[in-house]
Amino acid sequence: MSVALFWLFAILACGGAISVVLCQNVSRMAASLILCLASVAVLYFLLGADFVGATQLMVYVGGTVVLLIFGIMLTSSSPSHQLRTSPADGFLAAGIGVLFLAIVAFTIGGVDWAANSQKLAAAEPARQGQQQQDLSHGMTTRPLALALMGVRPDKPGAGGYLLPFEIVSVHLLVVLIGAAYLARTKRRVVENQ
Amino acid sequence: MQLLSAESWLAQLLNSTSLPDLFNALTSIQLGPVPLAIIHTLLIGAVFGLPAGVFIWAERKVSGRIQDRLGPTRTGGRFGWLQSLADGLKLIQKEDLAPSAADKALFFAAPTVVVVASFLAYMFLPFSDGWAAVGVDVGLFLILGLLALEVIGVILAGYSSGSKWALFGAMRESAQMVSYEIPMGICALIPIVLAGTLDLNEVVRLQVGSFADFRATGIPPFFNWFFFHPVGWLAFICYFVCATASCKRAPFDLAEAESELVAGFLTEYSGMRWSFFFLAEYASMFLVSGIAVSLFLGGWDDGFGIVHGLKENGQGLLGNLLGALIFTMKASKLVLVQIWVRWTLPRIRIDQVMETCLKYLIPIACALFLAATIYPLALAQTLGRPQLTPTKPLGDRTSISQNTDRPDSTQSVASKGVAE
Amino acid sequence: MDSLGPELATYLSIAWLLPLVGFVIEVMNGFGQWNRLSRKAALLAIACIGTGFLFSSYAFCRWGTETNWAVFAEHESHDGHASVLDNPKEVGHDHHAENKSAVPLAYSGKFYTLAKFGNLELSLDYYIDSLTLLMFCMVTFIATCIHVFAVGYMSDELTIEYVDHHAHDSHGHHVHRLGRFYRFFSFLSLFCFAMLGLVIAGNIFQVFVFWELVGICSFLLIGFYTERKSANVAANKAFIVNRVGDFGFIIGLMILWTYCGTFNFTEYKSGETMKPGLFEMVRTAEGELTYTDDTHETVALHTSNEHGHWVAPQGESTKRRTIPYMLLVVAGLGVFGGCIGKSAQFPLQTWLPDAMEGPTPVSALVHSATMVAAGVYLAARFFPVFTSEVLLAIAYTGCITLFVAATIAVVATDIKKVLAYSTISQLGYMMLAIGLGGWAAGLFHLITHAFFKSLMFLASGAVIYGCHHEQEMPKMGGLFKKMPITALTMLVGVIAIAGLAIPGTPIAFSGYHSKDAIVATALAYTQHNPVHFLLFMTPLVTAGITAFYMFRLWFYTFTGTPRDEHVYEHAHEVPKVMFVPLLVLSVLAAGCAIGGEHGQLFKMISLSEPVGLAEGVPASGVAQVTLPSHDDIHAVHSTAGVVALLAASLGTLTAFLLYCKPVVKPENIKNQFPGLHNFLVEKWYFDDLYEALFIRPSHAVARWATGFDRLILDGILHGAAKSTVIVSAIDRKFDEGFVDGIVNLVGNTTRRFGYSLRVFQTGQIRQYVMFIAVSVVALFAVLFALLPKA
Amino acid sequence: MEAVSLNSLLWVGAVLFVCGVICMTTKRNAIGVLIGVELVLNGANLNFVAFSRYSPLALDGQVAAIFVIVLAAAEAAVALAIAMNFYNCHLSIDVDRGDELHG
């Protein structure tokens, strides 16, 4: 069943992404993005990364996309206003995208991931089976929290993420102030045309 | 997320009844995941649809009583208790209209988004011990995230209507909802901090007091509820205010004031789609009340250890049913409070709405969060124990209520982490 | 008593430096703060020089009261005449003289050390004896009078716009310029400072420095009217002619420096030891030369100190310091060459008449107290170093000068030119006296001459001023009525210079006494050296000529009928500020020499007389002349006086007959001897001679040098310049073509590259993303293509 | 979930990533470009989580994903502020008109 679910949401995610590309209307793009992101969140759940999925829902879908939609509403002259891209650009982009995809596909197909994983696993100390099971069952909240606090019960000897965590907090504060400053009300420039 | 947990939930449900034969028969069928999911959905759908009908009727009756009138009296008998059903039938029969300027796809999708988000949140609500459709580690977090999805539905509704009224209403509404999510989330985090887990079922279990303790110390078991925590009751009040606003309920419903502002983002909606929004709204009311109950008011705990005692004494099914009843009662009470508040207080202006949130509730919530964090530490420094009462501290009590699919290792990791 | 020297030096140095202070202040302020209409500059200058006179007088009095006159009185009574101060131990400029009780007659010391060269040193010294003091008083006094007179004379410079009627610009208009009142007085102050510094100098080098400074000042003042070409030429002439004399001066200095190693006149203290000055080195305490051998070719220098006497060091000949006799002669002649230039002696006398181009107060100062007196003063001061040959040369030079100048003066018509030639003539008398051994007589004449000559110059200045800058005597006449004070004071001067006196009585003006002393010296000299009889005859005849031309001047100017009505009409007496100095000076001109050789002035001078002159000097050296002793001179004194008076009277009478009561018309005589007259008018053709002898050859040489410069040196330079230009042009081609080409190539390439890259800077964010994507694709493609498969 | 291969997830991530890139290159709307960026980030994030599941990377991948999400939110906020400014200056959200600094 999980396989079916995976394919369902994988197709939804890809479809959302492709829809984003194909849509000419920004608000539809946003809606497609929501679909895509939500599907990705489900994929996270399926992968056992409950916390990341919840974060994806909370921060991305509930925060960032809302922000984007706000931006759309504040900047679009009319709901139907569309900025058409020239077909040449579109074809070029499509060509590049296909090439890109081909390269990535080539890479994905060219690497023996399982062997690599085994090599890496062999290089690392054996983990407790219970914890591995926890992680695969989505019980990631506590380990993640501990990792962010600098404790790694799942990987003895590995470093935590306390410093990045703090840096990101400060970064967020800076962004808060900076965004408020940038977006503050200013006198509008009279349009030249 | 574990899809298998649904099966285990069912297994547990069946295992904990006192009718072993029935269980054996049922478990031997070995339902596939798809039928199980369908069963779950239908069950939750019933749970999801019921409150809307009941509370819409209750609202009418309450408003009638508050306004010194009778409210619905005829439909379905004496109390007009089938009024909601009749309304629903009427709305379903209505033509599915969309304005010509509307973005049709989005216009039709918006109510669905709202309803789906609200419905999904029910999945993680523990009606009784273990009685959650999906028991996950990150329960509360996920619920809040899903509630946040509602905002998107609102915005899409307003935007896709192709109407200025709808757009303005949606903007106001979404701004309000997004803003109030912040203090609400912070307040909801306070019991989480006290409990040390995001799993709502776990949080409720931590609030269960034992009768033995009551006899030993004389402290009533319901004193374990986080509401009785020195910070908890303040956080509860703050949370409840924010939850009310987040559900677009009066007195924070200026954005969709139907009598004055043509119903805000709902302007262009009618019929079944319009009713979806209200379905979602009343479901949300019950949902946030349920969260409040779980976080602060002991959830399915009766307050005297009865449910817990029944379960421990082998009366699992009975205990769970009793717990679900108690939980529903508590949540309904809170919904009634919301209804009561709605018909009592006047609306406040949109700027006042925003001001209340940004200038008062957020700082208060932050201060409470800090207090809740520092309080046990300060107590530990002064009294030598992290709580006022001489009962067992939280960390010890969690080990009492073991769950079969919650291995000890999790707890040991937690205590290990705390020790470090 | 030992402190008297420094005390006097202090007073005199104050008198010396005050004009310098005035000069500095005037120069500093003259260009900025002082109004050109203000007399402040004059007042300051007068205050400086007047205070200087007061200090000089006080120093003189101090010296007078501190001097033990009794010693001299003894000598006087013992020897029977006042002028004899022949005790060598007292006048030997020697602090270590045997008779310690005697007052030293000369004080020397050091102001300041300028430089040291090993054992040798240059310093600012002072040398003070009676002559110095007298000169100080005389110079400051006369300068004060001239300053006061100049306030009136130069008053027309007190204006913003001065119109110079004698100067024309290129359009033929009169030159208009700013008034230069303050500048005149600042120069006067500097002039006085230089002269006083020369007088007080204690070493010959210092003398030379101030000597040159005097020359500079005379240059500035003679050329005061710089707009006039004649003034410029005269200033240049004075300066250049002086250079000729100074050349000899420098040669003399070099010889003395080389052999003696010092410039000091007398002994001086160097560190802790005393060292001999020039005078001690050359002559013994008795005033004699010491020869190292019988041939008298080498003179020993006294550098060793024994018992307070400087003697020639004994012992090894290598250690003995000597100077060849001939070099000593050359050194003396060289220094005297300087004196010739400065005092306008033959053959360098030509600059002095031309120097009349300066304002008359300048002429008065130059002719009486300062510049020309400097030459005589130096000759007198340096007397001990002069050998007999030098003295003979001096005598003959003076003799020729006095005669030549007097004859020219006879025919001169410009009132100032007459006075100028008379000055040259009188200077010739002084030089003659010094050359004849009449040291005191010469300086006596210097002092008296200073007074009456300054008087006459100021008087002539008054005449010129009264006649509105008319200097030609033929245009004057009968001015007595218009300016009686001027005429009378002038008459005093004329009588004084003519040497008239009432025979048999002591009533005589100063000029009589001094000239009498010179003629007497000359007579005595001729008696000892009959070969040189001309040295007596010439001054005697010239005395008559002097009386003639001076009275000619006076009669021509002040008596008779006015020859130019215009001049006469506008003539007027000078203002008070001008005639008061005249009166003061006339009193002194008349009476400064009262008593003649027995008077105080002569006695004072005699106190400074070099050792050994009093007894006369026996014949020595190549010249083999004998200098007469004081006794010899005294013996012929009355004879000489009578003869001289006779000659003067004759001259006066001739003048009277020719110009006052014209028995014979001067024009007739002039026409009788046109050749002679022309010869005299052309000043013996000296200027033409010099023109032919020096100036034209100089010009020719200069032209050759110019030609050489133009053709050869300039050719080389131009060739170098042209070749440089050619090389530069080639280099430029190389630079522009090759170096610039490379630079431009680099620059253009960079720019073209930049332009081509510009295309990618589209500002289109989407294209940037596209670039990145394409780049990544390309990169991966390359990686996949190149990387070996694992 | 083990039935699903790692490659499938990587494929999904690749599609998202490429779609994001195409979105960035073709959308003239600044918000559209931002959406493209979000897509790219999600594609990458999906890979992180996938590797955390299928390789010994474990929690590290999830932590990275969380950081990416948080920073993406921050980036979106700032980018949106810039877009608003851009709109204020040009009265348009067309990024092609923001080429004042073109070469």
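When the chains are written out, they are named A, B, C and D in that same order, and each has its own residue count from 1.
We take it that contacts are C-beta pairs under 8 Å (C-beta built on N, C-alpha and C of every residue); 3 or more make two chains touch, one makes a residue touch a chain.
Computed from a predicted model, the values in this text were never measured in an experiment.
Chain centroids computed from C-alpha atoms place D closest to the centre of all protein C-alpha atoms shown.
More C-beta pairs in contact connect the chains of C-D than those of the other pair, out of C-D and A-C. The centroid of the Cα atoms in subunit C and the matching centroid in subunit D are 106 Å apart. If each chain is reduced to the centroid of its CA atoms, subunit A and subunit C end up 110 Å from each other. Chain centres here are Cα means. That of subunit B falls 33 Å from that of subunit D.
Centroids built from CA atoms put subunit D at 7 Å from subunit A. Within subunit B, no positions touching two or more other chains are listed. Among the residues of subunit D, those touching two or more other chains are numbered 21, 25-28, 36. Touching two or more other chains at once are residues 766, 770, 773 of subunit C. Under the touch rule stated earlier, the contacting chain pairs are A-B, A-C, A-D, C-D.
Of all residues in subunit C, only 757-767, 769-770, 773 touch subunit D in the complex they form.
Partner subunit B is touched in their complex by these residues of subunit A: 1-2, 5, 25, 27-28, 31, 34, 38, 45-46, 48, 50-51, 53-55, 57-58, 61-63, 65-66, 69-70, 73, 79, 128, 130-131, 134, 137-143, 145-146, 149, 151, 153.
Taken in their complex, subunit A has these residues touching subunit C: 89, 92-93, 96-97, 99-100, 103, 106-107. On the side of subunit C, the complex with subunit A involves touching residues 766, 770, 773-774, 776-777, 780-781, 784. Contact residues on subunit D toward subunit C in their complex (touch as defined above): 21, 24-28, 33, 36, 95-96, 98-103.
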